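Before anything else, here is the set of structures, which you'll find just below.
First chain A sits with chain B, and in the next complex the same chain sits with chain C.
== the complex of A and B ==
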């Protein structure tokens, strides 16, 4: 693995050579275009399927450009009240997780960065550890516990479990943003007679807005794309989320690829739109601000 | 946790404690009050189920209750009857295949994107797209692309005189298909992490090395590689964990089939509970998968520690 990657990376810094320069540049572009084709191939084929009549989707040889362009599959999906229900459920749960999760995490991150308190090291260590607990190893007990306490198949259980699973990551992410707020500002505010708690709400929180935005985006993408918890903790259509909903299209009616792909692309759209508009934010948050423009 | 700002400012409400004392108390416990809600929340939803699973794994548990204590019977049954060893092997192939392809690919693309290029933003966005879609969507897209009947890939294969069986139901091709789909989904994370690390390498270092007569290969070997090594290892561990614990993609793309050819450990845990309703065995399998995760994670924490001491 290392030899492969190093040779590829060795071409990365061409500024010095003159003859090698052209060559390296061409190779880079060819490699990038090949990779882009790889990245786009499944998406384009799915998109193509969603835009042509069912008959054309199962003809040989396959057609890339739909001969009869149609938006029927999208209409079918959007006229399906179940699908709309799944979408609205997902939006609601996502917003609730954003609100609760980001609030909890912002408070915790401030405490961690700016203060010392009893048991800080231990609790922080335990919290980081939970990032390493895979969903699959607790999903069975979670399911049984949810049934026990009567939370199975409710919005509440989804919000609670999603919050708890993402809060450690959010604290980790927000730590960097809190640290970038100058401590002198807080001290100055304290000297000016601002209360210790008020310092957080009046000084720190407003300056934390980019971090809160990044955290919200992370919540959105995570919850929107999650399948396992949504599958295990929900019974029927009433509280079902979009990913699981799309899956039930497969199992309930047998696979109809056209509407399936259409439904899928509708579910992907919000994430892509959000990402495209907030790309910098998102990547900075993910990598601790290391990637520039 | 009910601190009111008024307490801080006044402190003259006739209590025994002098104001400074109160303020000191607040100073001491306020941070704890800010941290605890998040911590308790996380602990309740993460550690409690883990203890629950641990207890269940030693009992004849079912949907009704805990059942009697049966020692390590569940573990023995999991590895014996339930093909636990085979599942572990499938997991290993799935992880090894993914990491061996996704990490070099992501690394190489990061190096390419770190150069001054035209359309760099365009390439970066397009190359990140696979990462934005969910496991479910990845599985469905690739299942549809790799079906033997109507896909353009089948057409290409036919063009060179072969025929493509339906990859997701072919014993020989199901695992490679799964790995391919997972590589497609995983390389962007490697790419973006390595790219981030590359951009923190100061340009002056290369300048200085160039003046000293170092060639492209030497500059890469001596400057780039050491500075991005830790990030690469971190993202390698992350990819390993994501793949190892991935249930959704396997469940939807192949369901573990054909004839168990793609039944990974994570999928097995899922099926034991939600298909076969063997709660006790599922709990034992969950404990096994959790322990393996901890082993991977220790490696991860080691790297993070050394990163702290070495780089910064």
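== the complex of A and C ==
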């Protein structure tokens, strides 16, 4: 007897016998468990370190489970007003980039899908190439430009640079979503007397909601976890972001492992929560436009 | 008497001016100077509290000057200043680690402080680092603390085994071999070429004590010499013959090697005095960790002490130079130095303070300062010490991982240094 599994499109994959199926399943699970352990082990070790007293954190042989459970490192981090400031800075910058980046990208994606203009392909190609440029290679010119225009060590420079770096990715991401909106809907609206811009806001934008959600999640995860730009373009405490702030537990006399790990866990918590709750959007974003419906 | 409306208005305005004028003048005279520091004065530890005290007492003594402390990660201050000088964004006072000073002197980021030093009373009381001087003898930074690089050891292990403190490097290797069991590392040294400072802070003085010059008076390298080959062979043998240093540890950087000490796993580890308290606390071993002077090959020849420290510099483009110099003077004053030494365990940079009875409680202050004064490291520091350290550390990496013999690795390092060193 053969079993069948179904694809997303409803077509069935022919499968080999029950024995072979079980074998495949076992191998798949073993591989997935191994991958999960590989990914989670360092995090678990970090969590364990964040819950140990400083002495136990560097003891030999190491202990997986804290012998003396303590939340002191979390208290140290959360009682530090600067750390709270870094968190709020990151929330503010992330939301600003999300708003500006997604707005710009949605308009741009609609323009490149639905409109013809000179240099469209070249522009898209150039945008694509900017995604390939490693951040480290442009950090010095960015720094000099920021100083020249008086934006160094401001929130504005972070928002501008993050937007500039993420908008090309978002445009490419949203292109697929815009393309999946039937052009006939827009044509019908135009025939009914709707203006071109109104078509975008009234017809296209509401249908782009899943794509906009995916783009927002992508922006959040990218900006929240970013280190290099936040490190190079901000000098003082006032505008510092959380990922850079956590690095300050690497001190001149040694590494403060407990607070460093506690700070790291506090900083990743919003990303984990957001990702877990909006996972659907993110997956859609990854596959959006891959299959023409 | 009644006043007409115009007169009443005029009187009112005059009154306002009279009331506001002093505040306005004060506001005009008020200056804020920016300090780039790796220590955060708002934190609750002894070093941060000491900095807070320095700033608050300075502001109390100079009511028209406020100090804005911009906290920058300690490894980032030097490159940040280089970038900032290029972009016209510099602070008024900057903390710089002494091995980085030659880079800044060569780049012209700092202003000379000789006039300031000349005003110090009593004369010659303030320690100055050779790395803070240019070829003409001008001084560009003054230390606000210093540390002597020596060896940290586990006193309890030596006492339990009834072993005396080693006087030479071979003796140290022997003791480390006897005590380096049970997962312990006999000799904690790391030569990771991307993080070589601590390893080189041991390597260079040891090589000099063995007769190596490393950098000649004309600034050219002299690596492939018998003393250097011998030292390289000693390090190789520590890893492969005596096995008192594991290969993975030898290829690690400073903070990673320190983890072994924090876990109580090192018998000896090359460290500077400022780390002693941190390691004592993190390891939970307290006074069982002690510091000893560096050792060389010959018991009659003392290994020179590598002294380094965080200094204060005033960038050339500082917008408030006079106020900045006042802060430097305050920080290096006898009163502040004594406070820092007693409250935060810093080695003072005032000779008159070093002998203060108030410091008798600090066990390593006495010997460290005395040893450093008697055995200074005479070394031709290049203006690119980071490159020198990285080049030599790369040679050690090659030797300990058996990719090259000491002579081959040193010859290659010398060639690389000649090619890459900026004049």
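Assorted remarks:
By definition in this document, the second predicted complex is superposed on the first by the 253 of 293 C-alpha atoms of A that agree within 3 Å, B and C clash if a C-alpha of one lies under 4 Å from a C-alpha of the other, contacts with A are read in each partner's own complex, and residues count from 1 in each chain.
As a convention for this text, a residue touches a chain if its C-beta (ideal position, glycine included) is under 8 Å from a C-beta of that chain, and two chains touch if they have at least 3 such contacts.
Because the structure is a prediction, the values reported are computed rather than measured.
Once chain A is used to superpose the two complexes, chain B occupies space that clashes with chain C.
With both structures placed on the common chain, the touch criterion links A:134 to chain B but leaves chain C unconnected.
Judged by the number of chain A residues each one touches, B leads among chain B and chain C. In the superposition on chain A, A:250 makes contact with both chain B and chain C. In the overlay built on the shared chain, the residue A:235 is in contact with chain C alone; chain B does not reach it. Residue contacts after overlaying the shared chain place A:117 against chain B, while chain C stays out of touching range. Look at A:144: by the touch rule set out above, it reaches both chain B and chain C. Once chain A of one complex is fitted onto chain A of the other, the partner contacts of A:82 are limited to chain C, with no touch recorded for chain B. On chain A, the surface patch touched by chain B in one complex and by chain C in the other comprises residues 57-61, 140, 143-144, 147, 247, 250. Remark: chain B residues 3-5, 8-9, 23, 26-32, 34-35, 37-39, 41-50, 52-53, 56, 63, 99-100, 103-105, 107-109, 111-115, 117, 123, 125-130, 132-138, 140-142, 144-145, 149-152, 154-155, 184, 192-193, 195-200, 206, 210, 216-217, 219-221, 224-225, 232, 241, 244-245, 247-248, 252, 266, 269-270, 273-274, 279, 282-283, 286-287, 289-290, 293-294, 296-297, 300 touch chain A in the complex. Of all residues in chain A, those touching chain B in their complex are 1, 4-6, 8-17, 20, 28-29, 31-32, 35-36, 38-43, 45-46, 49, 57-62, 64, 104-105, 107-108, 110-112, 114-120, 123, 126-127, 129-130, 132-145, 147, 160-161, 163-165, 167-168, 171, 193, 195-198, 200, 221, 224-228, 232, 243, 246-247, 250, 257, 260-261, 264, 267-268, 271-272, 275-276, 279, 283, 286-288, 290-292.
Within the complex formed with chain A, the residues of chain C that make contact are 38, 40, 42-43, 70-74, 76, 80, 83, 86-89, 183, 255, 258-259, 262-265, 274-275, 278-279, 281-284. Listed in rising order, the residues of chain A touching chain C in the complex are 54-55, 57-61, 80-82, 140, 143-144, 147-148, 152, 231, 235-237, 247-248, 250-255.
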